[in-house]
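What follows is a short report on a single structure.
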Amino acid sequence: MTKFLSLEEGVSENLKTGNQVCFEGFTHLIPHASAHEVIRQKIGRLTIVRMTPDVIYDQLIGMGLVKKMIFSYAGNPGVGLLRRFRDSIENGWPNKIEIEEHSHSAMAHAYEAGAAGLPCAIFRGYKGAELRKVNSNIKTITCPFTGEELTAIPALNPDVAFIHAQKADKKGNVLVEGILGVQKEAVLSSKRSVVTVEEIVDKFDCHPNTTILPYWTISAICHVPGGAHPSYARGYYKRDNATYIEWDKVASDREVFSSWMQENVINETPKIFQNRIKNLKEEDDE
Amino acid sequence: MSNNYTPDEMMTIVASRALKNDDVCFVGIGAPSAACNIARLTHAPDITLIYESGTIGTAPNILPLSIGDGELCETALTTVSVPEMFRYWLQGGRITIGFLGAAQLDKFGNINTTVIGDYSNPKTRLPGGGGAPEIASSAKQVYITMKQSLRGMVEKIDFFTSFGHGSGGKDRRSINIDTEGPSLLITDLAIWKPDRISKEFIVQSLHDGVTRDMVQDKCGWKVKYSDNIEVTEPPTHLELKTLRDLNERTKIANSRKDTD
Amino acid sequence: MTKFLSLEEGVSENLKTGNQVCFEGFTHLIPHASAHEVIRQKIGRLTIVRMTPDVIYDQLIGMGLVKKMIFSYAGNPGVGLLRRFRDSIENGWPNKIEIEEHSHSAMAHAYEAGAAGLPCAIFRGYKGAELRKVNSNIKTITCPFTGEELTAIPALNPDVAFIHAQKADKKGNVLVEGILGVQKEAVLSSKRSVVTVEEIVDKFDCHPNTTILPYWTISAICHVPGGAHPSYARGYYKRDNATYIEWDKVASDREVFSSWMQENVINETPKIFQNRIKNLKEEDDE
Amino acid sequence: MSNNYTPDEMMTIVASRALKNDDVCFVGIGAPSAACNIARLTHAPDITLIYESGTIGTAPNILPLSIGDGELCETALTTVSVPEMFRYWLQGGRITIGFLGAAQLDKFGNINTTVIGDYSNPKTRLPGGGGAPEIASSAKQVYITMKQSLRGMVEKIDFFTSFGHGSGGKDRRSINIDTEGPSLLITDLAIWKPDRISKEFIVQSLHDGVTRDMVQDKCGWKVKYSDNIEVTEPPTHLELKTLRDLNERTKIANSRKDTD
């Protein structure tokens, strides 16, 4: 059963030190505001999970809150590498995180299996791929009908999923549209879930097959307009590509990074996000 | 026809020519995305472009910076979840061409985008495989695009992110992969195809003005050439204009609006 | 790559004697017109597959075209039993069909695995259920991570899938909305597919996450307005519940059945379906 | 309160009372569907009703004849595919109450809806299990509704379509089912609950005017009674009116329009 909370409460009530947590979003609807709140609350020793860890994962790692990362592609999409992630892996700054590395297909299957209540997923994957040798969570299983050797991976069941969505209604049902990523599976596979939304409306008026998460699948809803910035929310604001490109510079230097985090995250509140999207509203182009 | 083009432009345009109107392409960001869209805007208007963010049959007016830009969804036939994309569409065997890039590539089309150096203590930690391990095995064919360099085209890759032809010959079949694998390599200097038997990449065509020495100077293995080597046709005026217009539209769209 | 064909051609080009075929639809969008065309063309020795075989499966069985049925619930929904199916199983009239019986969950997983290119599906199913003992296609597999025993079933990959949908566009893309059933999975798991549609439009104008099957996944599109009757097509016409209730009487007697089939199927053409929905149009109520 | 009601109405209304506002019910057609909607229209307005056709959070104005009537989709919060329904929602453990009916039922809540007689050569071939085998194991609790008869409530069922408490006691745990199983049986004559230890259904409450003999006369096993047996409260005026109005609306909607 969902509760409407401030983001401060949504985070503190649901995420605990040492939890396994995902902040999912596939380019679209990435829950930046939630990750920043976690950083402000200094909730650490986290195992962070995501198919495409990008800027916020670079930030969590650089702030020393991460013990381990489970992932399939760690990059600043379209820009380059994640420099704080690299600094951790290559130089152990501020700490060397453990990694469990997968392919996208494996992670997608693992979230699906988690949502479907299964302990593992089978798929046709990793053929000839060397991750098999370095990740002990990649095993094989034999099809009892054809004898084919299939790949097996454990289901993902994070303690907490954070996602950002377009709308919640007054009961707490959540609507997601556009590029859906694995957000539905992330919420359904996790023990708890916190959803930031652009808007709270009385009632949805939408296509019958729209992706809606019923209120009883969600732990907390927090109204944070702009909460995906510099990612985007279809129907609300565009992706701030320039900010993604700038991140490469910020993250390239430990000191620049630290002072940027102090100024833009530690000293801020979730309210700042609505300012950040002012020039990115969709109607600007139309 | 124009002589006034960069090797990057040449690479993208040559890749676009390899695509057919009835292809279903799993598109990566960068050169593959540009190539696929040039094909769509020139000789292959009905080509199906699929990005792993779930967008099927997309027709972006500008090149996406990321694999999940809004433009991809707005212009798509439909957008599905990422699990569905990898399960029903890629693993389901519906992709005819998977496009891959590489940080390191060997002569058998094996690709590394994971680490330079040792996996546990890498010299350079790269982004990792993403969709590549299963694109390499599930797409009917794999096309590879990359700019040649001695660091990139190496005798031995540091990590097998995705499997091409292994050690060559029938290696794919021996590990029960029944798709064709890398069947085309397009660099900024040449067009390469695997030898029918050994599966080693062989230069089929040198881009206009490129010499064998230039290719070897930027390739870490001993380059082999086809007996019937050709010269790649330079970009046509239409191809070049289409690519440059696309890049210009993209640049404008991605520039920051500092004031209202 | 799809072709626009008459239903006569769509059926004759794609379905062959002895094929495994599904006519999917979950109450909604059941492809009645296609099944009737198969009956007129007397394509026999079929293995028919469906989660919820109902009236058209009763008809195919009663007309002697079926060798085997793979299914999970054989009833006239909300009305009662399938009398032609019973007559075949209990009395061998006109022939005793073989059956491979599953649960809904198993069939849904099997179609999904077929669509996903896998040889089998694993799920948590059939616990304590006796179908395990009578269906050799229900096996077990051990999770390599938890040691849990899971159930395995082979993927479904019919030779042909028939579905009915609301719309095709001029290129042959197909739109399905409302109750979706397993139709998408049926098409994607099958080698060939024939889709009857209510309407052919220039271009879709719909929500980005609507269920659309691209033209290159479909073998043939046939324009058959009313082709789901007495099932329904959301946005076009309502379910003809009275006809479902009447079927119980028609099917209760071999001779009544046979003359009904002669009159309403054999002597008709696909064109009749548009007449059958005349009094069922959605606007009648509004 | 009214004395003027049928045993069927009593059964449906008693079942509706067992449902809570925060329940998530997997609803079957017939008595369960009526009971769930009466609950929704009286004391449990926020109850979540899910039909296996994929409709989640539905609120039909009339009772559906089939599990996938249009009314269910039009009034639902959202409608998902059938594979998703069985995977993410039922198997995912999100259903609090699964409603099952039975052609044959034994005293441990095991159900047969497959065949009367031998499976290969049945006397009567029934529809089969549909969703029941996994509803029985995945829903947190199972409620059973059925009209009592000697043919229906039997010492030994002909086929285990779905597993209740097996031979009783800890049988469910022994085959690794971790849900509670059948926890309530509502017939047209009585309310039954499983004994805490033996798991045999025990009569807890006799409907108003029903005697022990009447229950035993329509039950194929030796009926046991709770020490504190109660009398079921008859339908209230509101309950009865709600049910009858619902049935009337349904009847009108399902009548054939012979002329325009």
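Descriptive notes on the structure:
Letters A, B, C and D mark the chains in the order given here, with residues in each chain numbered from 1 onward.
The rule we apply is simple: a residue touches a chain if its C-beta (ideal position, glycine included) is under 8 Å from a C-beta of that chain, and two chains touch if they have at least 3 such contacts.
None of these values were measured; they are calculated from a predicted model.
For the pair subunit C and subunit D, chains touching both partners: A. Per-chain Cα centroids separate subunit A from subunit C by 39 Å.
Here the spacing of subunit A and subunit B, counted between their Cα centres, is 27 Å. Residues of subunit A found to touch two or more other chains are 112, 116-118, 123-124, 148, 178, 180, 184-185, 208-211, 234. Within subunit B, contacts with two or more other chains are made by residues 73, 79-80, 87, 91, 138.
Taken as a contact graph, with one node per protein chain and an edge wherever two chains touch, the assembly fits none of the named shapes, being neither a line, a ring, a star nor a complete graph. Under the touch rule stated earlier, the contacting chain pairs are A-B, A-C, A-D, B-C, C-D. Residue ranges of subunit A in contact with subunit B, taken from their complex: 26-28, 51-52, 71-75, 77-79, 81-82, 85-86, 89-90, 101, 103-105, 108-109, 111-112, 123-131, 134, 148-149, 178-182, 184-185, 211, 232, 234, 238-245, 278-280, 284.
Contact residues on subunit C toward subunit B in their complex (touch as defined above): 1, 112, 115-118, 171, 173, 184-185, 188, 204, 208-212, 214, 216-217. Contact residues of subunit B toward subunit A in the complex are 29-30, 52-55, 64-70, 72-73, 79-83, 85-87, 90-91, 114, 119-120, 122-134, 136-138, 159-163, 166, 171-172, 175-177, 254-260. Listing the residues of subunit A that touch subunit C in their complex gives 116-120, 122-124, 137, 139-141, 143-146, 148, 150, 152, 154, 177-178, 180, 206-211, 234. On subunit D, the positions that touch subunit A within their shared complex are 22, 24, 46, 48, 56-57, 73-74, 76-80, 87-88, 91-94, 138.
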